[in-house]
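Some structures to go through are shown next.
Look at the two complexes coming up: chain A is in both, with chain B in one and chain C in the other.
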Partner chain A sequence: MRRVLAPHQGLLAGVTVITVLALFPFTGAESWIVNIGIFTLMYAALGSAWNLIGGYTGYISLGSVAFFGLGAYALALTFQHIGVGNGLLPFLLVPVIGIVVGVISLPLGFIAFRTRGLPFIIVTISLVIILQYLALNLTAITGGAPGLQVPLAPFPPGTYEMYFYWAMLVVFALTLLACAYVRRSRLGLMMFAVREDEDKARGLGVATSVPKFAAFAGSAAFSAMAGAVWAYYLSTVYPQFAFDGEFLAMGIILVAYLGGIGTLWGPFVGALILTPAQQYFAYSLGANQFYLVAYAAVFVLVMLFLPRGVVTTIADKTLRRRRRRISAAEDSERQADAVGDVATVG
Partner chain B sequence: MHLLIQAIILGVLTGGLYALMTSGLTLTFGTMRIINMAQGVFVVCGAYIAYTLFTYFTIDPFLSILISTPLMFAIGVTLQRFLLRPIRYDAHRLSLLMTWAMAIGIEGILSFVFGTDFRGIVTSYQNTSLTLFGYQFPLVRVLAFVLSLVVLVGMYLVLSRTKFGRAVRAVSQRESAAKLLGVNTDRTAALAFGVGAATAGAAGAMFGLVGSFDPASHYDLIGRLLAICVLGGLGSNAGAITGAVVLALSESLVQAELSPEWSSLPFYILLVVVLIVRPQGLFGVRSRGAI
Partner chain C sequence: MIDNHPLLEITGLTKRFGGIVAVNECSFSVSPGSITALIGPNGSGKTTLLNMLSGYLSRDAGSILFDGRPIRRPDPTAMYRLGMSRTFQRARVLPDLDVLDNLLVASPKRGLAVWGMSKANRATVDFAMHLLEEFRLVRLAEAKAGELSYGQQKLLEFAAVLMGQPRMVLLDEPTAGVNHVMVDLMTERIREFHATGMTFLVIEHNMEFVMGLCDPLVVLDHGTTLFVGAPADVQSNQLVLDAYLGD
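Moving on, here comes the complex of A and B:
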């Protein structure tokens, strides 16, 4: 593990970034900008959650969206059948949904982990397709294609977006905290071992199931929390967008790749670049064919020119420069010594 | 009973077409170790080419394959050359995203050119059926099935008898060894990707004949094709054909006997069961290490 920042510097940076993000709505930003902020944080949270499984254990999962959708439906169903009040109260439900979906993900993980490598990717895509299919057809529970309605939150119009912005920020901060913790823990080391060589890791006595299932369930839980907040914000859930295998599934991975997979801040940086761009395309080009082409072009450019991601590239450069500076200092020291030696001899 | 056998007939006929679509996926996976997420959009592309040639030049879809196949081959080789070959870092995974980007981009271009309405190729023999022992054999599906078989057999012959085929098999066994023995692996990969796109082009013409399609059809299609691959075992041709027939057969049976909404469910259940019992797929080879 190469780190650019020392632990205390990292914590300081994290707290600073989250604080700045929390204060952002007070700058008097218009609601459409806060709206973009919500989606940026959603992608940042989803990308970081995906990083747990895809970046740390190396299992490229397209299943994040499945759990995102489950979280969204879980919130809508709780509203419909149990009733959780209104206003800020439903936000308390979000972590519960996260835990429930995390548990639900374990048996699904058992099926997916029967495979690895490319088949694993396909199985996780199939998972999304199957769930979308069930959401479409189990009309008695899910309401079919029109989906479910969630009552509109009674927040004043001017500040309506802000609450969801902060909720999404909390989900993102929690995801980031979990990632930061995992990276420094024994569990994280196990995950990285699985990524580098699962068979060797097992040969050396790593119980590889533990990091795999932990990453899968953790990723699922945080994705579900993002999904729940998203559903409450849009106040509607339907199969096409809850289990969106076409844009969301790939968008999450693109965000992670753009930022740098396996890095702590990569998904956030990726989301910061990609989501506003994507929203801009959607607004200016409309949700039409040009939007698709522009989106594909961004994809292609990232893959061709920045495949290792922004954070990884910058971190590599910084580390290299630092190393060069250290070796330069050593060199001059050595020269000084040599000069001294010569002087003594002379 | 009559309905059951009729459903089986339809299922097998459709299965042949799916097998043809999947064969391209198997080929690219075999040679390049990548999953071509654009295979679905290549099929849709083939359908639009056939549609255009039929509507504006009144060329029969089965004849238009002679045009669409080389065209799709050229498109495939070009895409491989300029978008896939430059990927050097983490190529297997990034190629997956890159082919997906191709799929979205081509979908965008298709919706720009043709709009997002559903289209269909309506020929004079659209509703003609052959009747044999009291069972209906829709002409279009029979022809599509026969043509799929011809292309599949042709591909088998190319892979097993020609120098190109030997290169493909060598690369799929071990790329580095093939390179050492003088196989131009870059060229082989490009040709294989092109051939994969070409089979999709041929399949697309028939896909357009048997049903209606829009640019977004590829999403549903690639999901099915990938599921077929996993069921049969990734990289296995026999597996792809078996998976395709199982998918089409189960859909057709459930549609006829139970309900059209749930037609895909048995296949998905089967897929999950197969993954639990035999994760490498029906015909897959169990491999150690990252596949």
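Moving on, here comes the complex of A and C:
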């Protein structure tokens, strides 16, 4: 993968962005703005997690929501049956839920990976629909349509959102870190090879199931972590929201496409544009369905002017400019050499 | 002790696609250290055979012995790791990856090393750069493979399969669509790696290339071995002429 930033520059940029995001609630932002921040980070985390499977490995999965929902239900169920205290303590459950859902995803991945291309998309969206039906009908476990209640966290009203904001930021930062690791590693190279030409990769000795299952399970784990934080924040989980096969499933992929799939920062940039726009339109036009039209318009505009996504387009331009500068420098060097040769002969 | 065992031995290999028998009871062997050519008219089953040998296609009957080891299940990854790698008739590279990564991905690193923090260790990168130098692609190491000319992609594909230091390389029409300067470069490289003991099986229609480089030649017709012999014998064989020119 060609990169615009050298590794140390990338690390610096990452630390800076995460620090700025962490300090954001201290600017005295009102709670509804912090609320938008939580959703932006949630989409950034979900989009980055989706990128592992969809962007890096090239398997367009619509199943992220399934694991997001499993994470949400896992948190609610733990509250119901085990009791994990309240306040900050339940946040410690989040990584555990991530790991458990990651493991659960492996046999599901085994089924989904029987297919490729379009059938894979259909298998993964079916997963969401099946889980939604299960959540609706296994009433003894899931509470059916009304869902499950999670006790409200005892945070003071003025700073209530901030804790969830930071928790979501941690989930996003972990997802980003995993993506950054993958992109530099042998594992990531294998994922990219699968995306580019899976059969060719097999012929080059790549054991393709390793990167595929790693991407699938990793993607599931981070999605579940986002789902768990989200469930605690809303203090309720019910089927339509947890396994939202339309709005949420599409939203995750939209932020990734908008920002540039397969790039490190694309989903974050996409979420930064799309989520506040969506939330803003929902507030200002929420009474009718026009906000969805306005939401779609943002997407159409970006696709019109930056069809390959924001980050991809900018990165390509930067790299091309840099290469042009290098080859210009080489040309002038060559000319200087030629002049030197003539001078020697003369 | 001289090892007289063939490196690759196929017996009665058969592949049917519906009613069409693409490869029909085909048998021949490849001696270690040879540059064997596989020639035959279009549709004679050469590529189908190659697909079976490299683990991309299952067979309906027959056996494949590589280095004395029976190959039971088609599996390209396993074949590569056993030391048999191949190129494709139409060059296949990983277009969105840069040229160097196209080589690094083919390094035979595996097991726990997959989870390491880097794409490859220093020695692997050095070896990849050395190969790029040999194939005159060093200047393009950071370019996207998809941006290379078709001929360069063919060279890149060849270079990539050498990353695993294979014992045997199957080349599917290495000179098709490649200009003569690159054909010369390709020939030079084949000779050079051949000199290090590497075995080649080459499918090719370019007879000048085949006659100058390969010995022996295996002639395939209607999925069956028609003739095996030295270039001069093949050229004068009536059966071969009939197969190519029609009887």
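For the reader, a short list of remarks on this structure follows.
One rule holds in what follows: the second predicted complex is superposed on the first by the 323 of 346 C-alpha atoms of A that agree within 3 Å, B and C clash if a C-alpha of one lies under 4 Å from a C-alpha of the other, contacts with A are read in each partner's own complex, and residues count from 1 in each chain.
What we mean here is this: contacts are C-beta pairs under 8 Å (C-beta built on N, C-alpha and C of every residue); 3 or more make two chains touch, one makes a residue touch a chain.
None of the values given here were measured: they were computed from a predicted structure.
In the superposed model, A:199 lies in contact with both chain B and chain C. Within the superposed three-chain model, A:190 lies in touch with chain C and out of touch with chain B [touch as defined at top]. Applying the stated contact rule after C-alpha superposition, one finds that A:307 touches chain B and leaves chain C untouched.
When both complexes are overlaid on chain A, the residue A:27 reaches neither chain B nor chain C.
After overlaying the two complexes on the shared chain, residue contacts for A:257 are found with chain B alone; chain C is out of touch.
In the superposed model, B is the one of chain B and chain C that contacts more residues of chain A.
On chain A, the surface touched by chain B in one complex and the surface touched by chain C in the other have residues 197, 199 in common. Residue ranges of chain A in contact with chain B, taken from their complex: 60, 110-111, 114-119, 121-123, 125-126, 129-130, 133, 137, 197-199, 245-246, 250, 253-254, 257, 288-293, 295-297, 299-300, 303-304, 307-308.
Chain C meets chain A in the complex at residues 54-56, 75-77, 79-81, 85-86, 88, 92-98, 101, 104-106, 108-110, 113-120, 142, 144, 160-161, 163-164. Residues 1-2, 181, 184-190, 192-193, 195-197, 199-208, 210 of chain A are the ones touching chain C in the complex. Looking at the complex, you find that chain B touches chain A at residues 29, 33-35, 83, 86-87, 89-90, 92-94, 96-98, 100-102, 104-105, 107-112, 116, 215, 219, 223, 226-227, 229-230, 234, 261-262, 264-265, 268, 271-272, 275-276, 279-281, 288-291.
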